[in-house]
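Just so it is clear, A, B, C and D label the chains in written order, and each chain counts residues from 1 on its own.
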Amino acid sequence: MPIAYEYRLRIPSETDNLELIREFVTKVASKVGFNSDDIGKIELACDEACTNVIKHAYAMKTNNDKKNLDISIKTDAEKFTLVVTDHGKGFDPDSIKMPNMREYLAQLKVGGLGIYLMKTLMDEVDYQMQPGVKNQVRMVKYFADKKKPHSARGKQ
Amino acid sequence: MPIAYEYRLRIPSETDNLELIREFVTKVASKVGFNSDDIGKIELACDEACTNVIKHAYAMKTNNDKKNLDISIKTDAEKFTLVVTDHGKGFDPDSIKMPNMREYLAQLKVGGLGIYLMKTLMDEVDYQMQPGVKNQVRMVKYFADKKKPHSARGKQ
Amino acid sequence: MDAFSIDRVNKNDCSILYLNGFLDAHTAPDLENELEKLIAEERFRIVVNFKNLTYISSAGLGVFMGYIETIRDHGGDIKMCSMSPKIFRVFDLLGFPTLYDIVQEEDRAIELFFKPEQK
Amino acid sequence: MDAFSIDRVNKNDCSILYLNGFLDAHTAPDLENELEKLIAEERFRIVVNFKNLTYISSAGLGVFMGYIETIRDHGGDIKMCSMSPKIFRVFDLLGFPTLYDIVQEEDRAIELFFKPEQK
């Protein structure tokens, strides 16, 4: 098989499309050889990123604007790169504090777990913002045997 | 729900992606309200168009070229429009003779049923060719209650 | 579409919710409604059976966090049982087992309301 | 992945192929291989049971067209049975029932090899 693959999905930004998005991403992840454990992690990370777009990105837009969500997957010999793009209002990712889970649970908080989950589930997560133009979150998962020492985060 | 929807899928041009393509298109068709009969027709027409891309469009390309297949679906109040795009060699659709099925079966022919099926299953089918740039087949299915008299073809 | 559904069975003063399908941002409101109904009926002893749940995202987890305080304030609790490894992993990843009793057998989850000391 | 598989059962000099999954341009070569094996073994009386086939495209139909002549030349045939309405509709749309015997019951399909006059 050729070494590099590209997949893209564009879909209306609505919660009832999350199922289709998960099916798409799990199919591709399984095609490129991840085990069911990693497929589950990629599925959840992708759902969280897309749920954020649906809940937050287009909050200000009127009903007539096109509210789309783009997912792109690129794979090469060493990694699986998932990019979720919206064209909404954007936000400052540095301003989002990651939860301390002990406090979180002790105080019975609600919400605010999406980005934390994405970072826990994937090897790399970074945001690029151009509010109103395009806002992207890029998430990388390395193939088990190709994980570079400097990107390993001692998880699992 | 807003009146106009858009979905897109880009995927490597390989037969083992046909299953994912069919799942994508049947999900969308079912979301917009087609019955299972029409969903089956759209599924098969889309598969035939994509199979043609995979079998014919990139025959000359070397292994290093990107061989992608794009599917776009747009829906409005009256119709479902499916466009399959390739960036391969193209062909002259007018040169393709539709089979006479009685002769076809009597002579035990093989192949050559794809475009015929697409035309039988969908309300409108037309090709736009720009060889090497983009070649598109556009297929339309009207919602049962919105079928315009002039596009009805007396099928079913 | 059977994306998500809930079956409820009342056993004495305990209510068991069977979740079917997937629990994400699209289906989480259905579970919220069901928990609100239970609270309105003052049924605070709740067992959630995850046997037929195929997927959960943080939107689903958030539903439990959103009602647990009210339910405990009324002397009740949400006990959880029969999670597949896939579902349990999500709860575990976030440390939820420190906050909720999660057991394998439904009977055991019910028992926890009556013999908590054996926990 | 169980995209497509074939189970073969030999009953006397009749071979029954059970198709499972979907038959498209990706899986059609598997059916070609199976028919080629049957031909190599000189088993020309073939019943194809479609009960567990969920989908067929023209690539799948083409497989039958590609071997029927050889098989009939050797005094055999391909009889078809147990198609779901979805699968039958595709065969029917193209007029295949004029070329192939398509019946509901597998037993009936086998019988056709022995009592063709009752057709």
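One rule holds in what follows: a residue touches a chain if its C-beta (ideal position, glycine included) is under 8 Å from a C-beta of that chain, and two chains touch if they have at least 3 such contacts.
Just so we're clear, the structure is a prediction, and the values are computed from it rather than from any experiment.
Engineer: Both subunit B and subunit C are touched by which chains?
Structural biologist: A
Engineer: Could you grab the centroid distance between subunit B and subunit D? Build each centroid from C-alpha atoms only and quote it in angstrom.
Structural biologist: Here subunit B and subunit D have centroids separated by 26 Å.
Engineer: For subunit C and subunit D, let me know how many angstrom lie between their CA-based centres, rounded off.
Structural biologist: Going by mean C-alpha positions, subunit C sits 49 Å from subunit D.
Engineer: How many angstrom lie between the CA centroids of subunit A and subunit D, rounded to a whole number?
Structural biologist: Roughly 45 Å, centre to centre.
Engineer: Out of subunit C, which residues touch more than one other chain, so two or more?
Structural biologist: none
Engineer: Tell me, which residues of subunit B touch at least two other chains?
Structural biologist: Residues 16, 19 of subunit B each touch two or more of the other chains.
Engineer: Dump the list of chain pairs that touch, please.
Structural biologist: Touching chain pairs, listed by label, are A-B, A-C, B-D.
Engineer: Which residues of subunit A touch subunit C in their complex?
Structural biologist: 15-16, 18-19, 22, 36, 40, 43-44, 47-48, 51, 54-55, 101-102, 105, 108-111, 113-114, 117, 120-121
Engineer: Could you please specify the touching residues of subunit B with respect to subunit A in the complex?
Structural biologist: Result: residues 2, 4-12, 16-17, 19-20, 23-24, 27-28, 31, 63-64, 66, 68 of subunit B touch subunit A.
Engineer: Flag every residue of subunit C that touches subunit A in the complex, lowest number first.
Structural biologist: Where subunit C meets subunit A, its residues are 3, 22, 24-26, 55, 57-59, 61-62, 65-66, 68-69, 86, 89-90, 93-96, 98-99.
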